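Shared between the two complexes below is subunit A, which pairs with subunit B and subunit C, respectively.
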Partner chain A sequence: MAVDRKRRRFFKAVALLGLSGRLWSVGHEAEARPLFPSPVRTNRLRPPGAVPEELFPLRCVRCGRCVEVCPYGSIRPLDIRNGVFAGTPVIDVTKVPCWLCMKCVEVCPTGSLQKVSQQDVRMGMAIIDKHSCFTWKEEGLLCHTCYNVCPFKETAIKLQAMKPVVVEDKCTGCGLCVHACPVTRDDGEKAINVQPVYSFDAAGSGHEGR
Partner chain B sequence: MGLTRRDFLKRTAAAAAASYIGLRLPFDAPEEAMAADVDSWHIGSCRLCGVGCRVRLGVKDGRAVAIKGVPEARTSMGYLCMKGMLFYKLMGHPERLTTPLYRESKKDEFREISWEEALDIAADRFAKAVKEHGNDSVAYYGSGQALTEETYLFQKVMRAGLQTNNVEGNPRLCMASAVGGYLTSFGADEPIGSYADIEKATCFFIIGSNMAEAHPVIFRRVMRRKLDNRNSVTVINADPRISPTSRIADIHLMFEPGTDLAMLNAMAYVILDEGLADEKFIENYATFRIGKDKKEVTFEDYKEFLADYTPEKAAQICKGNITPEKIRKVARLFARSSATMSMWTMGINQRKRGVWANNMIHNLHILTGQLCKPGADSFSLTGQPNACGGVREGGGLCHILPGHRLVKKEKLRNQVEEAWGVPLGRIPPKPGYHTMAMFSAINQGKIKAIWINCTSPAQSLPNCDLYRKGMAREDCFMVVTDIFPTKTTELANLILPTAFHFEKTGVYGCTERRSQITRKAVDAPGKAMPEVWIVREWALKLAQKLQDPVIEKSVEPFKGLEPDYALPKAIWDEYTQKLTKGRDNDLRGATYEVLEKMADGVQWPAPTEEFALKGGTYKKFVRGIDPLADVHAKDDKPLQFYGPAHPDKKLWVWLRPHKGPEEMPDVQYPFYLSTGRIVDHWHTMSMTGRITELLRANPYAYVEINPSDAKALGIKPGDMVLVESRRGRNILPAKVYEGPVKGMVFVYWHDMDEDRMINRVTKDAYDPGSKEPEFKICACRIEKVSGPKPLKPYIVRM
Partner chain C sequence: MFNLSIPLMQQGVVMKGVSRTPGSSRTGKRRSYGRLRLVTLLLAFSLIIAAPILNFRYHIDFIQGWYQSVSIGNLWFVSPLEGLETILTSKGIYGPLLVGMLLPVVLASLLGRVFCSWICPISLLSELLERVIRLVRRRRYRAAGNPLPRQILWFVLVGELLLAMILGAPIFVFLSPPGLVGREIMLLVMFGTLALEGIVVILVLIMHLVSKRFFCRYLCPLGALLALLGQRRQLKVEVDHEECVQCGRCKLACPMGLDPARQEGGSAYCWNCGDCLDSCQVDALHFSWGQK
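Up next is the complex of A and B:
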């Protein structure tokens, strides 16, 4: 298993290098960290139905069809500054969130975006920062914006004692709540943020496919 | 999608990681720094809805920088919604109107002019209209958001000065039916009880109100009451749409729009049929009435009348999820609970038979004796912060004078004329145009000059395209006083910039008869001035131009006073001391001095300062609580219904038949269209649309469609949908949602975009009694026009 895994990673690395057309120093540190840090991070997510981040840049052919079909302009291709990831699609939910119209998964030619139904989308998981959320932080403020805008209100987000609580296994990570959240922290993030928890495994290394 | 062990571990780890991230200490510091950065905190009322939350405005270097709640306030208990927390951003907003703007023709561009010139033009045009076309060719259209002093002074100048009762305001569009209901059922306007009843009620009957979004802070109290007493408190929600309010309901009554009158009569049927009525209460305090001439009939007649409203028949009319058993169950809960509190808003008021619907709710309370005891009340929620205080009490409608006096009654007119020191007979005996008649008169060219204050009828009137044509007429001179450009300023000749809340001093009167003062805390931007100053100066110029000393007399007591405090105080003193004396809204004790001492104002009746300092009257008509109940007592019963409208001093149970909406769906227009509100926005969005945080949450309106209807029409979430009626059309994104009952669609009315302004589609039918339009129901058709499209929010700018 371990050998197999290393072998696979090696091939992938070679493939990625080929794609980027650049040489990259491959030291023994690469075993602990991915070769290139993924552009996916808090509030910057892959579109619905995306395969794990380990596979995504390999499978995606940068055809741009998901970008084209997205009626809201939610999906944007990454630009050249993102090196090997240039051309792959992301959704920055603080700019334009995803309304789960599911058009992108229909047009993806490579299966990088797999066909899933709306409620099965897992772009990430919304997590409330209780230290900056108006309702959690301050007694007396009745902001339920994230609850109000959630497309799966009462399923993916609930009010407990009048405070919003995300239902972890139902949240699709569409980011409507992030976009609507009235709090913007000093670091640019909101009081509710989508973490791309399904894109990476717990240790931060690669996911072993499907 | 199953949850694998691996997924679960991943998620737990991520959640744990994120919660550690949440502990970042540096981020707590700026918040605290911000709170300490305020130079001073100024107490006042919230600018937005009718709840009357008390707030503290934080001021730093003369600028508004924060708002926080006031925990000592008996209305809000320190809670705030997002609108309330963020409205300070409107003070000093870069888009504020800061200088008078004028154009001769509505086709021209606006040019900046001085106040001197602006007031001269306004006076000149009003004087010209009066001289050439008579006194009724001029009109004032005000707002339930104007301060009491403003409404009072405007109507005084119009009535005593220009001798016309063409004094109206947007409360006609929101609570006129509630006024009609209270006057005809209880003999006196405004609720008997208070918010304090919420904590004592054991059954809530919420009908035609999405209070979770429209009155979030009061809803919190209802929700708290329910959550703390899950088993002993019942919440019944009656609404054709499942709204955020419904989530705390034990029973949701979902019927076809406009059929609730049958349901309410059927509830009364069950109450009498099953012997749930409080016979003693009825015998002591109630009579039965029918028809326009208010003919008194017997209890037996009422029972006979109700025989036509069996739950079986009503369920057939109501459809939706209504069954005869459900009606029985609700009626039993209503009657048997130790204290039932009904609450309603626009779903009941904005109807062709809004007054009747109000009467029917009151009927249930009278029949079961659920009145005048702790926790029991028939409680109408008001939409605007000063619809009750300024407009209902201050004389801001065409048929009423200050202090709940009817224009029609000579004796009452004379009282007002005497108090003002103007010649008897100065106030014309005929009520003026009500709102819909006023704008129809503009369409017909009968009104030559109109002053629109603090509201945007171009967007808020039903079937607004029709009335915008009139407002665009060159022969109707339009003055608009506002703080931001709106759909209405686009049609104005003269735009006058006004001071905003906390930039001037005055009183707001909220839903529960409570008057609360807000003192000036920051300066208005540019040349913006308080309305009271504008009216006074305008009236003085009018007096010159019309050579009429009585006009000058109407502002005589206020001449020379500085406009930020002394002027509104003098107006308030005149109104309360001279015009509420001896009336049911006796506010003589609620002087500025008293109001400033109170964290949360005073509830009338409050005849003396000593009584006002205790907070005033929590419940009207109860001897020992309401001082006027003792004054007006005619016998030794504990309740005294002394209201001015009922000569027999009794409560009236009305025999009102079921009546559907004006326009029913048909083959061509098969859907019901209903309109409403959303938590983040306020009315025509000219304020909340300019607060980024609020706009971002709800950037544009959408149409809510029931999933079964959407499926039948091939409409998917986000598709662009045409909503068309006989009057106009909108194209909005679809929200497919288990909200509206099948066969009904729902649209928020805040959006300013021409494509999403739903009042272009609504119907201008109105209640023949209250003259309040039926915004809530009309017939429309819907059709998918395209797939999803990116949309941009739209706000009118200069």
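Up next is the complex of A and C:
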């Protein structure tokens, strides 16, 4: 009897899981869901010059040379909890951002990181959350930290009426601004965050790193 | 069983004799491939320890990587299986990758699976483990002959490549035991952590305790690819039938479970480690170059 009930509960759970999966997928019908979802997300980016994310895990041989050569320890390999992405390099810009020294690009033996110049790096795009940024939210506070640390000041980030504004097609996504931002939201993100918009085909087109 | 145990005990005595007088050998002219190989393995291992230390602490990027891709100055190596896998899964060819694969492929087609026996960090760890066990148990460690047919190796290679292509994800690149050793060392040196998948290395070593070099013999797809490349290699272990007294020591010594006295030293499975040459008491075995 007990076994039977347990079994029934198991089947119910499976059915519910399946149903929830179907419901969830209704809104996402258009985009093909990959077998292994990418670990790249907000503030967790591929190193400079990375090929698009659907190609990256296929090309990368996980040799770790980009990790080794990085003088700042910005690049870290993922571990097996990320499934087939284990061993691939990511930069968590909230921990250690990228100073665009471009050494990793030089050593990649597989072309997963392709040669780009500093200003052509597109690891992602910084987006200011105007609801949590001091300068945008409150009158009188003039925090320009993100502006001050940007390696392409006045090109990739500008001040408009004393408020920082990201120039979208010039931002390299190095994450220096994210790392320096004094505001940490409740969800752990900052008031300025780098979105890996170029890593995914749907959003990122025109990136030359293919 | 009784038959086996007698040469085994004799062997133990001889080995102790050798180890008591390091450097000088029994007959004077004999050299020990085992010792030479241990030195090579240690050098190869120190390379992957030195690489992260030099890179991270001193910012010297002259040597890099581990045995998935190594660079020494401008000389780049890429492991042939990892390279092949990325070519198959990404369905594209990147020139520098092919160039990196070239030297290992040439090496394997001339010398056979020598990477496995002379360079691979798993080989070093297995040998060290053997030595520790010999110290503890005070006798030479041996584990049973051939629990499985050797041909499994080829099926593993084909299966692994097919699975990688079906899944659309290269498998060996993130679970290769020699690669994992390097990755764990790097993580330890650079970030003071270890990755969970290092368990694979421990599993491989446990398998080695249960049956000698089990993973290398049956399950290593990289070893299989190198063996395949080295099937028509130049360097082979050959037996001099005039000298051979059929004592069976070489068969016991062989980590791959081959019988060099029956010319299995020329088979694809032999990885030219030279253990059989060391074990031979009558110098009936030798390395030979070229086809016969």
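We take it that the second predicted complex is superposed on the first by the 171 of 210 C-alpha atoms of A that agree within 3 Å, B and C clash if a C-alpha of one lies under 4 Å from a C-alpha of the other, contacts with A are read in each partner's own complex, and residues count from 1 in each chain.
By our rule, a residue touches a chain if its C-beta (ideal position, glycine included) is under 8 Å from a C-beta of that chain, and two chains touch if they have at least 3 such contacts.
The shown structure was predicted, so the numbers you read here are calculated from the model rather than taken from an experiment.
Engineer: Could you tell me whether subunit B and subunit C fit or clash when both sit on subunit A in the superposition?
Structural biologist: After superposition on subunit A, which the two structures share, subunit B sits beside subunit C with no clash.
Engineer: Using the touch definition from the top, say if A:F152 reaches subunit B (first), subunit C (second), both or neither.
Structural biologist: Neither partner.
Engineer: Figure out whether A:V197 sits in contact with subunit B (first) or subunit C (second), or with both, or with neither.
Structural biologist: The answer is first: A:V197 touches subunit B but not subunit C.
Engineer: Using the touch definition from the top, say if A:R122 reaches subunit B (first), subunit C (second), both or neither.
Structural biologist: After superposing on A, A:R122 lies in contact with subunit B but is clear of subunit C.
Engineer: Just subunit B (first), just subunit C (second), both, or neither: which does A:P71 touch?
Structural biologist: both
Engineer: On subunit A, which partner touches more residues: subunit B or subunit C?
Structural biologist: Of subunit B and subunit C, more residues of subunit A lie in contact with B.
Engineer: Pick one for A:V84: touches subunit B only (first), subunit C only (second), both, or neither.
Structural biologist: second
Engineer: Looking at the overlay, what does A:L35 touch: subunit B (first), subunit C (second), both, or neither?
Structural biologist: second
Engineer: Please give the nearest C-alpha separation between subunit B and subunit C in the three-chain superposition, to the whole Å.
Structural biologist: Superposed on chain A, the two chains' closest C-alpha atoms are separated by 6 Å.
Engineer: Does any part of subunit A touch subunit B in one structure and subunit C in the other, and if so which residues?
Structural biologist: 71, 73, 103
Engineer: Residues of subunit A touching subunit C in their complex?
Structural biologist: 35-36, 55, 57-65, 67-69, 71, 73, 76-77, 79-81, 84, 86-88, 103, 107, 109-111
Engineer: For a test of understanding, state which residues of subunit C touch subunit A in their complex under the given definition.
Structural biologist: 51-52, 55-56, 59, 61, 64-66, 68-69, 71, 76, 78-79, 82-83, 85-86, 89-90, 92, 94, 96-97, 100, 167-171, 173-175, 179, 182-183, 186-187, 190-191, 195-197
Engineer: Help me check something: in the complex, which residues belonging to subunit A touch subunit B?
Structural biologist: Interface residues on subunit A, with respect to subunit B: 71-73, 96, 99-101, 103, 116, 120, 122, 125, 127, 129-132, 134, 137, 139-145, 148-149, 151, 154, 159, 161-162, 168-169, 179-180, 182, 185-187, 193, 195, 197-198, 200-202.
Engineer: Can you list the subunit B residues touching subunit A in their complex?
Structural biologist: Going through subunit B, the ones touching subunit A are 1, 3, 6-7, 9-11, 13-15, 18-19, 21-24, 27-28, 30-31, 68-69, 71, 77-82, 85-86, 213, 216-217, 220, 223-224, 227, 244, 247, 678-680, 693-694, 696-698, 716-718, 787-790.
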